[in-house]
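Attaching a single structure in structure tokens format; questions to follow.
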Amino acid sequence: MTITPPALSVFESLESEVRSYCRSWPAVFDRAQGARLTDEDGHSYLDFFAGAGSLNYGHNNPVLKRALIDYIERDGITHGLDMATTAKRAFLETFENVILRPRDLPYKVMFPGPTGTNAVESALKLARKVKGRESVVSFTNAFHGMSLGSLAVTGNAFKRAGAGIPLVHGTPMPFDNYFEGKVPDFLWFERLLEDQGSGLNKPAAVIVETVQGEGGINVARAEWLRALQDLCHRQDMLLIVDDIQMGCGRTGGFFSFEEAGIVPDIVTLSKSISGYGLPMSLCLFKGELDIWEPGEHNGTFRGNNPAFVTAAAALDAYWADGQMEKQTLARGEQVEQTLLAICAEEPTAQFRGRGLVWGMEFTDPARASAVCARAFELGLLLETSGPQSEVVKLLPPLTITPEELDEGLRTLARSVRETA
Amino acid sequence: MTITPPALSVFESLESEVRSYCRSWPAVFDRAQGARLTDEDGHSYLDFFAGAGSLNYGHNNPVLKRALIDYIERDGITHGLDMATTAKRAFLETFENVILRPRDLPYKVMFPGPTGTNAVESALKLARKVKGRESVVSFTNAFHGMSLGSLAVTGNAFKRAGAGIPLVHGTPMPFDNYFEGKVPDFLWFERLLEDQGSGLNKPAAVIVETVQGEGGINVARAEWLRALQDLCHRQDMLLIVDDIQMGCGRTGGFFSFEEAGIVPDIVTLSKSISGYGLPMSLCLFKGELDIWEPGEHNGTFRGNNPAFVTAAAALDAYWADGQMEKQTLARGEQVEQTLLAICAEEPTAQFRGRGLVWGMEFTDPARASAVCARAFELGLLLETSGPQSEVVKLLPPLTITPEELDEGLRTLARSVRETA
Amino acid sequence: MTITPPALSVFESLESEVRSYCRSWPAVFDRAQGARLTDEDGHSYLDFFAGAGSLNYGHNNPVLKRALIDYIERDGITHGLDMATTAKRAFLETFENVILRPRDLPYKVMFPGPTGTNAVESALKLARKVKGRESVVSFTNAFHGMSLGSLAVTGNAFKRAGAGIPLVHGTPMPFDNYFEGKVPDFLWFERLLEDQGSGLNKPAAVIVETVQGEGGINVARAEWLRALQDLCHRQDMLLIVDDIQMGCGRTGGFFSFEEAGIVPDIVTLSKSISGYGLPMSLCLFKGELDIWEPGEHNGTFRGNNPAFVTAAAALDAYWADGQMEKQTLARGEQVEQTLLAICAEEPTAQFRGRGLVWGMEFTDPARASAVCARAFELGLLLETSGPQSEVVKLLPPLTITPEELDEGLRTLARSVRETA
Amino acid sequence: MTITPPALSVFESLESEVRSYCRSWPAVFDRAQGARLTDEDGHSYLDFFAGAGSLNYGHNNPVLKRALIDYIERDGITHGLDMATTAKRAFLETFENVILRPRDLPYKVMFPGPTGTNAVESALKLARKVKGRESVVSFTNAFHGMSLGSLAVTGNAFKRAGAGIPLVHGTPMPFDNYFEGKVPDFLWFERLLEDQGSGLNKPAAVIVETVQGEGGINVARAEWLRALQDLCHRQDMLLIVDDIQMGCGRTGGFFSFEEAGIVPDIVTLSKSISGYGLPMSLCLFKGELDIWEPGEHNGTFRGNNPAFVTAAAALDAYWADGQMEKQTLARGEQVEQTLLAICAEEPTAQFRGRGLVWGMEFTDPARASAVCARAFELGLLLETSGPQSEVVKLLPPLTITPEELDEGLRTLARSVRETA
């Protein structure tokens, strides 16, 4: 496939230098359907990035699209602040019936604003308010968002430096397997908590991703998550699972923590919760934590009703039974087998993952970039993650067909080969 | 009109106590068009709140709706991260041609995430990065958002307390007319800056709203804004105008600061920028400030392409000529005349405003609430603002007809009378 | 008098560049008695600086010297941590009988460490602990010390920059007469406190000097101090008077706030409390505020027993009756008359002061330095203060004779004349 | 020995509840000489606490006493701010000749104020200024002082809580042997520094005690200190050794870090530097770090000249040759043998130490208190340390005779036995 250099002029002249993905993927995209995007020159791309996990059901999923257009056509409420609307009610009822009740989860639902970082900010506020403490523990290579509260519990030094002020009130602890099994889990964390002379400000909460996406596809084991929950209970800290990227079925179950059998005190959801790539987020918390005063946290777009419509439709379509989870695990198996084969031939790479999120780590970060660049030339959208962008991240839509998945994996294999 | 108590059960049982507007307006809204909403029982409400300024062109504006549905129908990109897309290009070109160039504004455009607080966070980050200083000055009764960075420059004590940590790095200064003319403008601020012993950490920037919406419809005079700009230039501080609520034509011109003839260094836009109530925001800044590194600030939903489509359509439809501004000023005149008449009969109230944002302040805050409650019973959506919710805020869609406006103002007058 | 350049070599080669006074006064001092110092070359200097207020009773006061030597000779406890000692008991009893009881002051006494900044740090800690709030209000051009807690409530930008971290949790307010009477007292401060939307974090306490020494000899009026006390009571803030430089009789009465008739909640004393220039400080607070846990604040040298001995001797010798106060006021009168005469001939200067602390402010800061430099050549130790070092500060020992005072004032007058 | 309850009334009625040592040792002390104190009732106490390390040469050491009285008698400068004085010069020359030059240490000398916490505050300021970073790493169970800057790098939770504000800008790391050898040294610290995604703000400096006194007599091995110095060099962090309690010969050599062969970038000294228990402290740093501006850090009592006199006398008397170090190591041996014997019979205790600082840790913290209480009854002053006050701390004067040491150790053994 030959790609004509696109006319990027207005992007280059008018848009800020802060733009990033458009630099890796120098095309002007126009349309999309399912796992494929098409640029304005008619080139087609297979999507293994899925809007950084926001498009678990694919681009412009027809079921959701129908519901969305119907809603717009009939002049349903579009912008609803936090007013009660029929669309919000339908979403809440569906979320309760399809997600919370079957899993026996005791959560209240908060609409904290439509983005992930809004949800994280609200979770941190609530935890601090409930416990009356300012400190929060996060983990190495965590990513929780770019507003100041979320950024303070995010690991990436480059992004932290963007704050322009010292980021405080957070302390990092080692994520699972940070020392490759050489140090007992939570040894350091628990000692600091137990030792009255440790110098650690007692945390209100711990915030964790079950699989760190931006951090390099670092997968926490179920027993590590259970031990973390136990530690939180013993030490009177709230457990916040940031399920923004790994929730909504990415790892198999609707919530990524289901497999571990834990029940976090607070959960954040965003990205794929609307199902259609529309901005929406949720903050869930145990009922006894709901000590918010009316309006104590607010936001203009926390009632994005078209997103409620597609969100309810997605839950109905994909989560009323256990098919979605089974299919994701099957697709994950397919990925794993291929990565096993690729890595068998490529000694500088190793892979890891769960459900439909996988990473291939290269010894040389430049190689990971080269693989993604070559994949783009071959019509596959792939991105890197990890502290040095050393991990090629596989995040296809959950609704991808086995054939599409196979096609993408073959392109990946070829890209690895051709960049050796 | 008699309103049957709506079935709020799932909202009450499942949604967090943090919800607020739905308490003032106990209805379940279903549809909306222009300046009117309809609840599920068929009651109709005239909207003098306009999504807190997010619906300047009314609910489900037909011109934008057509463009939106067309875009969805043809499977245009929905979720685009910060990839180049045809929809984004169309928006950027339109924004440049219709807004920036005619006003000779030297701005680069950043998509910082889809909400106002994302835009404010990015503006503060950039100002701190450019100046290498941490401190920012805001004004009494400012409102800039609920994530930690924005909240630190927000005045409201109740919302600040929600942070759960001390909010620092910001210092409040008196907004225009804070002392009712008894103190020269900027006397205190300038003395602190000039006095090397004042104890004020030298600010990187000043952030200001030209009209404080949440703060109680406090209108800054043009000469005050010009003096502020001069002060910023003299003292090497960046001037940030937060035009999230007052921009997009609310005060007449597209930017609320045009009337004053100033050119802020950084401008934030959100709320009505998409035109349709979809989450979208912009951070604009002078080209020489664009020292961002690629990806130094990011966010999953900063490429909400359906919003780009409606945004471009709105600019084309309403801002290609000067009609919108004229119409808004005419409507504002209509509001002013009525408020003059109401306040002539109501000695405990006074009013103020500009363009189509007006406030009626009551001596007794309970009265302001009572007026809004009565208005709701009479089918008019009105909210309070101000530090003690003592101001009834009028924020109708800019596209409201003179008849609708008159109807709403008569309902307001009746509500004032009936709560005396 | 001709001064041979002293041999400063070891100071220059070994002592840090941070040294300052030795640069203004390039002599190596050897002995001192009363109001006079002698350098190693035998030159004599009249002291109008008095150890920055630490030598109110003159250098090596014979009464205190006798008590001190006796104590050392008899092997009295020198270093006592916070153990009970006979010397500490004698001091406490004397302080109670001579100072607290006659003034009906309800204070507990804390030994927070031997320096002023220790006392300020303990005062701020206690205020925050009692009120459960983090914020403290200080005043423009305040000076409270150089450790981080004290520095955060100090105004001088140069010294603040030395912290290397943003200094937060403090907000400056205008000191008395900051706007030369053009703005009502406390207008800004009180509005911020009353306005729930002001953005001011509710302060735990206000810390104030009755006369700002380092800040440029800014004298607060008694009515301003009373109004401040009233404001603190109305707004539930603790009033801390930092009497480190102005206490121990500098302004006439033992405490500088006596004249205003106020009773601060917390008072810090240091500098001249030992009487002999030995490191010692006190933190005094109303009994009901004494919620310290044992050892919650400590410090190695908080039991400097030789200082307790000289402190008790000084109280006995100078404060058992009202003579000291009368004499200070008389000496102050003498200073005032002379300054009046000097300023009558020097239109670029104005003066202000109280008791035996006076300042001459020059329009041109360089002139103030020149006056001090010339005075040094003429054998008089004088220093500048104020944000731009524009104020010549007169701080002679309280025990200076009228003749010595006259001599110094004549040297000052000559220095002013000769630098015109 | 029977002790009559002393008359503590003025202490109880007037002194703050914050007092602590006087509660463990309910006597009113009057005189002291060498290793012994005498209370007002004539009871004698052997001192195994030595002013928390401030009396390394014993109480009222006759050599220093002579020099001190001579100086006072001849009216030497008492209070000298940072003026050049003959006493300061004598101290600086002696310090250079006796301490710095023989050890080939490249330090400039700063007088930051007379207490340990002044020295630590100045060290932290300088490190932040030099590196332009705000973060500092400290260690578990560190103690560096009670003013805000020092407290932020102190471990004890009880003392930290006294701040009344969140203590930030510091991160604790595990001190040597924190995991009893189960984890490689600096594994966690170095990973955080090397991992660009770790979330650790890059530190300006690391502050460490070679032996943690307050923290429970935790002794860092020489190789650990060397590895720490290497890490600091590799990672561009300054190494600050806080030698306030362990310097001045406590561990054998004049500086406690000599044995490890390291050369810290910055060193703090206080406690025994004056030799006589007078308030004095030093901050030493490599010449190239001396970027202070004149007066950027100051303090009223940083020129405590009587302390300079006793300090110079102590250096001359004890450090002109290697006798002191040898004697301390010999005395240490004597302590170690006894502790070995005591612990052989007491299975719930273990001991550790170096030079003349030793600790006996009991499984049950109450036992440690009981031992000290019984020792007091038997005429021996002993204190606990450690996060739970579980360690009996032995800190006799270095000048103690073998017989006195033996007497004290026998009393200790008896106290251990009698509290079993």
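For reference, chains read A, B, C and D in written order, and residue numbers begin at 1 within each chain.
By our rule, a residue touches a chain if its C-beta (ideal position, glycine included) is under 8 Å from a C-beta of that chain, and two chains touch if they have at least 3 such contacts.
Which chain is which protein? Per UniProt: A, B, C, D = Diaminobutyrate--2-oxoglutarate transaminase.
Because the structure is a prediction, the values reported are computed rather than measured.
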{"item": "Pair with more cross-chain C-beta pairs in contact, given A-C and A-B", "value": "A-B"}
{"item": "Most remote chain, CA-based centroid, reference being subunit C", "value": "A"}
{"item": "CA centroid of subunit A to CA centroid of subunit D, Å", "value": "50"}
{"item": "Chain centre separation in whole Å, for subunit B relative to subunit A (CA means)", "value": "30"}
{"item": "Subunit A and subunit C, separation of their C-alpha mean positions in angstrom", "value": "58"}
{"item": "Touching two or more other chains - residues of subunit A", "value": "134, 158, 165-166, 169"}
{"item": "Contacting residues of subunit C [partner subunit B, same complex]", "value": "134-135, 138-142, 153-158, 160, 166-172, 174, 178-179, 182-184, 187-188, 191-192, 195-202, 215-216, 386-388"}
{"item": "In the complex with subunit C, residue positions of subunit A that touch it", "value": "165-166"}
{"item": "Residue ranges of subunit C in contact with subunit D within the complex", "value": "6, 8, 10-11, 14-23, 25-33, 37, 40, 51-55, 59-60, 65, 68-69, 72-86, 88-89, 92-93, 95-96, 108-111, 113-118, 121, 124-125, 127-129, 134, 145-150, 152, 158-159, 161-166, 169, 204, 270-271, 276-279, 283, 285, 290-301, 304, 306"}
